[in-house]
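The structures come next, written out as structure tokens.
Here chain A shows up in two complexes: once beside chain B, once beside chain C.
Entry: the complex of A and B
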């Protein structure tokens, strides 16, 4: 049943209900918008609702924000944009490839190989640190490289124990999002500082923050893209295989165009996650690569409750996402698969 | 030369064997149809030829090449799928030419091949449309066009007409036959529809549970089915089966069954069938062979349960003793449910099968 089928009074009731809900959800945005145009005096002098009627709008907050009196605004905006876009593009690209592999190919490995990885990674680190007396960073690198190599080699042999498949890999990916991010944030910070001591600057760097975001977005991307790829008709790819189209051409030339709406939706979700992310940005940056959420939060802690300034900064953080969503939603129309099969 | 030779190929998924060792030789330029009920392994066999499934053991040769371990792309086959499997984001022309484009063929050559294919398949007016703007029949023609421009050694068809409506299916049947006559390329065609198999094939391969029950030209299959399965599968309405015994009486060899069936067997066949006296055999007779004009033809007594007037003739569905039996009668006959009628049998069209093994006997 649709609202269009309602008649007379019930129709007006439905419309009224929708309008009330709209007002309810839009009011906070409206409030932020008008507050950003109020003078400090208008903000503290009790609630006013209508510009030009209740209060005289002023550009004080905006000029303060844009002139850099409230922190390195342009730099922060640029950092947020660069990191957000590159992390979202990279995560969507890598995640889509991983998801496609997990949908179309069968992977099998023994639980024991995974355990070997964990044991050697931990054991090797402790060994390097306390027996051979390497630094933390060096021990870490050696231990992980050794663990990876040995785990891959061990998977070539018929080990005893339970066998894991594609679903287990997907679950492993998603499980990374189950523990609280603060755990990873601490660990990442420590690891990055150790790498910094070895000469690779990762804290407060483009590479460091982008890598962290890519790693943290991948589980969601893989989970979402797996569903999109599973919905694709396999015969289309089989037809291309019989037609001697190489695998990479099938993926880039046929699979990706067919799943464009899914890719764009996933990209948008990833971008929104990275754009809004606070915790990692707080730990892993301090000046040059600070992102917008840090700037917005900083408004309150540095200067007190200056709502006009906070509102302006909040709007700057919200508007680009709204514009992106508006642009991309045009590309997310469904029906792209129409005509492929029956 | 592009004959296809399957030697002792098997396919198992885990512990389940879908195809026990199977041998099949397909001659150059032959149009072979694999037919059978769902799950009989016909599609799996086709996909093994295409390389989309790997054979668990055995070898597959196309022409002089052993293709058993080659990937699908290097086998030079073309495949047409039941659900068309077109590239939805490309136009008809791009769909047909994509394979050539990927292989680096010059554009002029692609355009010519696409134009040729479009002319053969009457797609000229649709070259710039997306598949979503085409009807089912047109989509399948695009899929066939994509197969043609490959200039393959072998055409593989996987139930290509199953998604079309009845009228279009008959039209496309003829089109594919004409296309095969024109291109003279070896073709393997999978279908579950025995009419499609009979009408299109040079040779029909009837499969059941992964085995080949019989491989022969359509008329041989119809007139001399090798066993009960083929006899029951080929022909519509399907053959009647009456279980009974062969007995030697004073008047020569006779077939006797419940319901008062006693049919004398002609001298010419008695010699071969004589060896099976005393064993349980199954008499098979097609409904269209129950209209003998000869007044001396043996008859059986049929209890009619229902009649199906088809126009040219009428089917009388009923029972002879315990066995279900369908007889074809003249459209003018005035019979109805619960009637008992005498049905004449064309005795030279009778088939006999051994109950135990299902194998045809006496031929």
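Entry: the complex of A and C
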């Protein structure tokens, strides 16, 4: 028994507070669940609360939904699942690699190289666009490649100015999360349209949306996985290095298996983020690769207040994440995630 | 200890390139466009207008109204999230009965798609078919215009934000509470410190760093709010619940006024950065005092 355990009256007060919060948390979820089993007449007739007691449950909404009368639910569900899983896997993988590199290897470069990158990206874009008269897509590609190459070359030389290290790179990655997504979503939409003119179809495509989601999940993946890798004992890796095991085998053969709990937790957080994401899907898709949040949001404006159908639609978007939360909590209880969330 | 090995480039470049591509383009593009007058519908040739778009925006009362609404929603909802989240985390940490069940179920709202949450809220708050207004009527209040009157609509949006994001605060603060050492509390118990004193002089100060981080994250994220508002009120009645992101969406995607939208998103970025910096600057002395 910990010293911090409450006793007597306070304990019951705390319990009361928790129960009120529990009711507040659960009531909306309960409401959407029972509404999806109501008939249209039962919904319009005013609120009813208990199935079999004050209304007869019916499967109208669900059969309508599954038979495709409410839009392409099956395809959208599939699109959401494919995009969610692949973006979460890719982001977790790429992010874990970067996080590991930032924890175990030394990176040093001058602030000036970073400034060169930004300056050339801006200047090259403007130059290509307004002086040479290239299209936006082409000028962007040229400017990006030129900026990257010159920045990397410049980092080989002893430049003056302050030196940046691993922590600055981490800060830069994480600070990308501060960026209002509307800035990126809108510009990405225009960039994708430009790329479409060059022959790469990115708007409303699998690659376009997945790529955007990977980029926007990476900051959080790197943040979480860095904390996780830092907590791993370095001795195992040192022992492997003494035996001349190459670094990539240390990472894939030793470090990754050791960090399975952290990877699973990060993967699930990323998946939930991508699954529920609205703004990017709104801008970057229009029909084929539309995701569930867009379809669900559209239910209300298309049909008006048909709550039985809207509830079923909302549940399709909610249930997979609830199942995942169940799995996650079982993992947590089994102690697999100890240390994953610091 | 970090080491040096050429393979590090192989590890870091994929992430670096993806984030650079996705972050530098919007930056370059929006910044250059924000100094131009550019429309897609009707198509007009772009021309350089300097700070024209920014001045237009700063003189537009709608911008100030939208920024004010967003700030109001963000600050009130994050404040409530923190107070409720801290109370719940404290209760859970002191082992209320049934703590295990609470712990899991309290996290659920965080995982529900905001769009779905907004649709559920619309049902619950519906004037004729919703349960909340029936309860209000039963308790003797008038039928309340939850989504059609400005102050109620703002309150409803804030309530939805609190419902959805308090779990995040609970999760982070609970993790923070569990790392606090027991011996401090044992010493306090020996000194006969009351629970309130223990909270004021031990728990709260020791929790301050993580509290600051949690509130910071939530504040920044709250400023980006769009999906909840988009579905619940669509910015209405009038523009009274419109947020910055929704405003930018309307200007950019409905009117295709590119220069204006880019300037707007940059002002938005500046607003967020300023708020973030001020917040950290204000709290820094407290953080250092308790180190």
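The rule we apply is simple: the second predicted complex is superposed on the first by the 302 of 342 C-alpha atoms of A that agree within 3 Å, B and C clash if a C-alpha of one lies under 4 Å from a C-alpha of the other, contacts with A are read in each partner's own complex, and residues count from 1 in each chain.
The rule we apply is simple: a residue touches a chain if its C-beta (ideal position, glycine included) is under 8 Å from a C-beta of that chain, and two chains touch if they have at least 3 such contacts.
Worth saying up front: this structure is predicted, and the values here are computed from it rather than measured.
A.B. asks: Could you tell me if A:178 is touching chain B, chain C, both of them or neither one (first, second, both, neither)?
C.D. replies: second
A.B. asks: For A:331, select first, second, both or neither according to whether it touches chain B, chain C, the two together, or no partner.
C.D. replies: Touch status of A:331: no partner.
A.B. asks: Given the touch rule stated above, what does A:311 touch, chain B (first), chain C (second), both, or neither?
C.D. replies: second
A.B. asks: In the overlaid three-chain picture, which partner chain does A:233 touch, first (chain B) or second (chain C), both, or neither?
C.D. replies: A:233 contacts chain B only, not chain C.
A.B. asks: After superposition on the shared chain, which partner residues are touched by A:111: those of chain B (first), chain C (second), both, or neither?
C.D. replies: A:111: touches no partner chain.
A.B. asks: Report for A:140: first if it touches chain B alone, second if chain C alone, otherwise both or neither.
C.D. replies: Only chain C is touched by A:140; chain B is not.
A.B. asks: Kindly classify A:244 by the partners it touches after superposition: chain B alone (first), chain C alone (second), both, or neither?
C.D. replies: In the superposition, A:244 touches chain B alone.
A.B. asks: Tell me the contact category for A:11 with respect to chain B and chain C: first, second, both or neither.
C.D. replies: The answer is second: A:11 touches chain C but not chain B.
A.B. asks: Who contacts more of chain A, chain B or chain C?
C.D. replies: Between chain B and chain C, C touches the greater number of residues in chain A.
A.B. asks: Which residues would you name on chain A as touching chain B in one complex and chain C in the other?
C.D. replies: Common to the two interfaces on chain A: residues 246, 341-342.
A.B. asks: Sort out for me which residues of chain A touch chain C in the complex.
C.D. replies: My answer: residues 2-6, 10-11, 14-15, 17-18, 21-22, 24-29, 31-32, 35, 43-44, 46-47, 49, 94-95, 97-98, 100-107, 117-118, 121-122, 125-126, 129, 136, 140, 143-144, 147-148, 166, 169, 173, 176-184, 186-188, 190-191, 211-212, 214-216, 218-219, 222, 234, 246-248, 251, 272, 275-276, 278-279, 282-283, 292-294, 296-297, 299-300, 305, 307, 310-311, 313-315, 317-318, 321-322, 324-325, 329, 333, 341-342.
A.B. asks: Any idea which chain C residues touch chain A in the complex?
C.D. replies: 1-5, 7-8, 10-12, 14-32, 84, 87-88, 90-98, 100, 102-124, 126, 128-131, 134, 163, 167, 171, 175, 182, 185-186, 189, 195, 220, 223-224, 226-227, 230-231, 244-245, 248-249, 252-253, 258, 261-262, 265-266, 268-269, 272-273, 276
A.B. asks: Quick one: in the complex, what on chain B touches chain A?
C.D. replies: Going by the criterion above, the answer is residues 50-52, 71-75, 77-79, 81-89, 98-99, 102-103, 130-134, 136, 139, 143, 146, 150, 156, 163.
A.B. asks: Within the complex, which stretch of chain A touches chain B?
C.D. replies: 233, 235-236, 238-246, 249, 253-254, 257-258, 260, 335-342
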